[in-house]
């Protein structure tokens, strides 16, 4: 349970404050505002602010393409056209700001997406809370035996118990020592910017993260993908649900063309043309390596 | 006069639509929303949307610096501290979207600021309107005789008249020919993407331009500067007034530290220390070149 | 003919200067260095500097993925893997700097790619040369009747002659007037930053353009595409040939996965699965709109 | 000692390979290439590649400003002019790629500079080495009593010993457990992407980091500053020495205008004008708050 009673009260107060505005309002997103969606054991995602909606995407596109866009008469068709043809600038006209609480090792992956604005809680200035990510039993996986970057079967029984014991024990001991180094009776106490280096990567941090819709879609395509690490994927999936409420037409197009879409090489497309024409194509006559062919077959089988 | 009666009616309609929101509302900016500020002879700037206010800057800073910021108790002091110490990320938490109509040669300078989102009217898709920037008499300046990039005295009398004649005549002729190339009785008409290349750089274009407050301040520092070209400076000055209504505390800090602030070299600062101590410093004993000394003296004389 | 004898002599001198370096050297690119490839009637592209090669891409990938990449034993396989799985950062480790001379209306499209460094010839500081793009007969096309942003049939006979006459005439007159406004016997002359606004968009400008390989590939995918405007496509195609000499393995992967590759929606991929299984799929039972189906059929027919 | 004999041999081999190039060569940087500068207890910085030199900065500036720059006849004067007037694009024309080994908590600060390219060693794919940053006695500081983000006096005697004991003990135990979780006789072993979360923030990571000179100067101004955390400052200072060898004129200008330069507010500059004119200015009549006045006095006293 990630939220304290104080936090819940603060969120309720934020949600209760209503004002008038001349701006575009996305009703689905108003319902989301400030609500914290719990993720992992102590994390959350919540919307702090947003700008724009599906209509703002179309409005920007119509500025660019002027009378040229009249042929695509409705908003949904226009948004699908923009997504299909990689017109990214109209999607950049929407912006969203999240408050996210997440383990440090997840934050380290997340920050690699550079086209966003971030204000992270600073352990130079402040003392981190005693909150660590400890995987639930269904996330405690062994190394994959076929994939260098993935997970295999779940750990079970004694092995699972032993691993959980280690993670909990080291987190507790490191945090105890962090506190003890910071402040000691009759002693000076180590600077916060130094003491924090004793904390393991499953400690939680938090940040405000602001991004435009085009770059958010790029993030979601990579991080809501089944090959992404589980611990970041659950954040991405939570954000997907928020975006579906915010810009339903754009999200639907994103789902069809990006999240569920596939990129085929020229070689792969040539194989498909032969297959549709009834030809039997095998790895040997495909022009692909064994690895590529394996991935290609997986795509064809869905 | 840049706005047609239709445009004025549309703006009134946009301004009349009021909705409820849970988001942060900046009242000064609500008053600005959609209103078109006229710039040059046919241009304008108007706010289409915004996110955040002074309080949002402080909120983001307090997430970053946590309890560390309690010592700066009030918002104004905190914002000044952030500006003085080049903490840029809290200012990135505010975002604004403008609709701008501007001459192409101004747009070409403007677009050099890369950290913004743009949707420009496309002359590949659509036909440009017959609107050209013709300088007012008080903007019709000769080349500076001391500055390679600047302006000198105003043109007067016959010379001014002759130059205006040329600008108007060429604009009209080029536009007539643009129209004639696009569409001709019994002929095919040149593609729009080709015909547009006959149009001079004082024709007006328009775009949606979205930027965060930190990058907007950077733009304004360079373009509201007295060395900026007059035709872009008037846009920057208009935007300055809008920003002052939106985030009054941040704008005031920006004015003091950036717009009115000065950057001194180590050499310049050493001279100032000597001068404050009563020493007479000249170019010869300053350690500066003649050009640097000239600029330094100008700073000292304000 | 875009190069003067002086420019040719300068290029020869640059090419003749050879030095020793400890850096990675790409031999195919050394042969390209400084050579100007002519584009359109007065434009060119030439390589001024570069950093990295195919091996540098692999080296960076192996830093990231460590022992994990040992399973992909050879460089070509690794580069294809990186391209196929959208691993962009290793490609960012290569950098290239071009000197490009191009018409202003092409420059305006080009600059929309923001993740690059640009130094453009400034008409505030300097006087532009009398060089305008005038389309060759095989580029003088009518507006497409089916595509709002494209070209249709070539203009012919009298119509072509008339259009060329207009373009040449307006360019010449505008440039004459530009010169006359700048400097006049016994008069002051208009400031360069103002006089330039009389010049049409087919005048040539030039710039240094520096970009990393990942962002260059993104530029080339969009601008070497058959839907790109012809006048920018010829630049992109010239750069494609340069890149093929620089990083042959990466270019080949780019050609297969991006330039020649296709992106299919989830809906489109589902149709392909049905077709491969022998089912007859039509627009009506495809789940696509008529426009999408038309594009999908075009992909299938290659 | 951060480098193994194998690494030293590899570096020697890289340095021994010399090739011919037509590119610009910076001799001071050639001497630097591949050499590892040791930083902290196990870290290092070394140059892997570079593009451009002082002359390349001037060449780009002269493309932009054309004949306008002839008045600044020599390269040093031109570079100082560009730096003084915030002309950033010519500096963007130089690029450098470093290989850096650094503690994770330093990497987390470093990565906040978004305008760079990074390939980091991935603990999802590979196993991290047993190397932790343990502060030297002269870096083991207490929390500052006057500054929320800084350090105060050094820890001494028993307290220092106790803190070092804790840091070493926790690092060793966490790493032992990391190894034990990864692989166990007769058990599956935890996935690498999960096991790594047990490692504290003083473990070393490494990356390739590529950046242009303008953005590198921005990084160095903030991180070579005396207010930066010591553990990142030593990296910045090492890079400063490398850059001084690479582009000596640009580095000297950077040192004078940025690193040693000061930014004064309009209010501060007005005070200086009064002081130079012999007036006595105090906090009370300065228009500054107490905090600002304290910082202003510190500037004046150098």
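Which chain is which? They are A, B, C and D, in the order written, and residues in each are numbered from 1.
Throughout what follows, a residue touches a chain if its C-beta (ideal position, glycine included) is under 8 Å from a C-beta of that chain, and two chains touch if they have at least 3 such contacts.
Values in this document were obtained by computation on a predicted structure and should not be read as measured data.
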Between B-D and B-C, the pair with more C-beta contacts: B-C
Looking only at residue numbers at the chain C/chain D interface, is the share used by both copies over half or under half? Answer same or different. same
Just curious, how far off is chain D from chain C if you go by their C-alpha centres, in Å? 35
Go ahead and note the Å separation of the Cα centroids belonging to chain B and chain C. 29
When the centre of a chain is set as the mean of its C-alpha atoms, what distance in Å lies between chain B and chain D? 33
For chain C, residues that touch 2 or more chains besides their own: 65, 67-69, 118, 122, 125, 148-149
Between the chains shown, work out who touches whom and classify the graph as line, ring, star, complete or other. complete
Looking at the complex, which residues from chain C come into contact with chain B? 103-105, 108, 111-112, 114-115, 118, 122, 124-125, 133, 135, 139-144, 148-153, 155, 159, 163, 166-167, 170, 173-174, 177, 180-182, 184, 187-194, 196-202, 229
Which residues of chain A touch chain B in the complex? 14-15, 17-25, 30, 33-34, 49-52, 56, 59-61, 63-69, 89-90, 92-93, 95, 97, 99, 117-122, 125-127, 206-208, 210, 212
Under the touch definition given earlier, write down the residues of chain D that touch chain B in their complex. 65, 67-69, 71-72, 77, 80-81, 84, 86, 148-149, 222, 255-257, 259-270, 272-273, 275-276, 289, 291-292, 295, 299-302
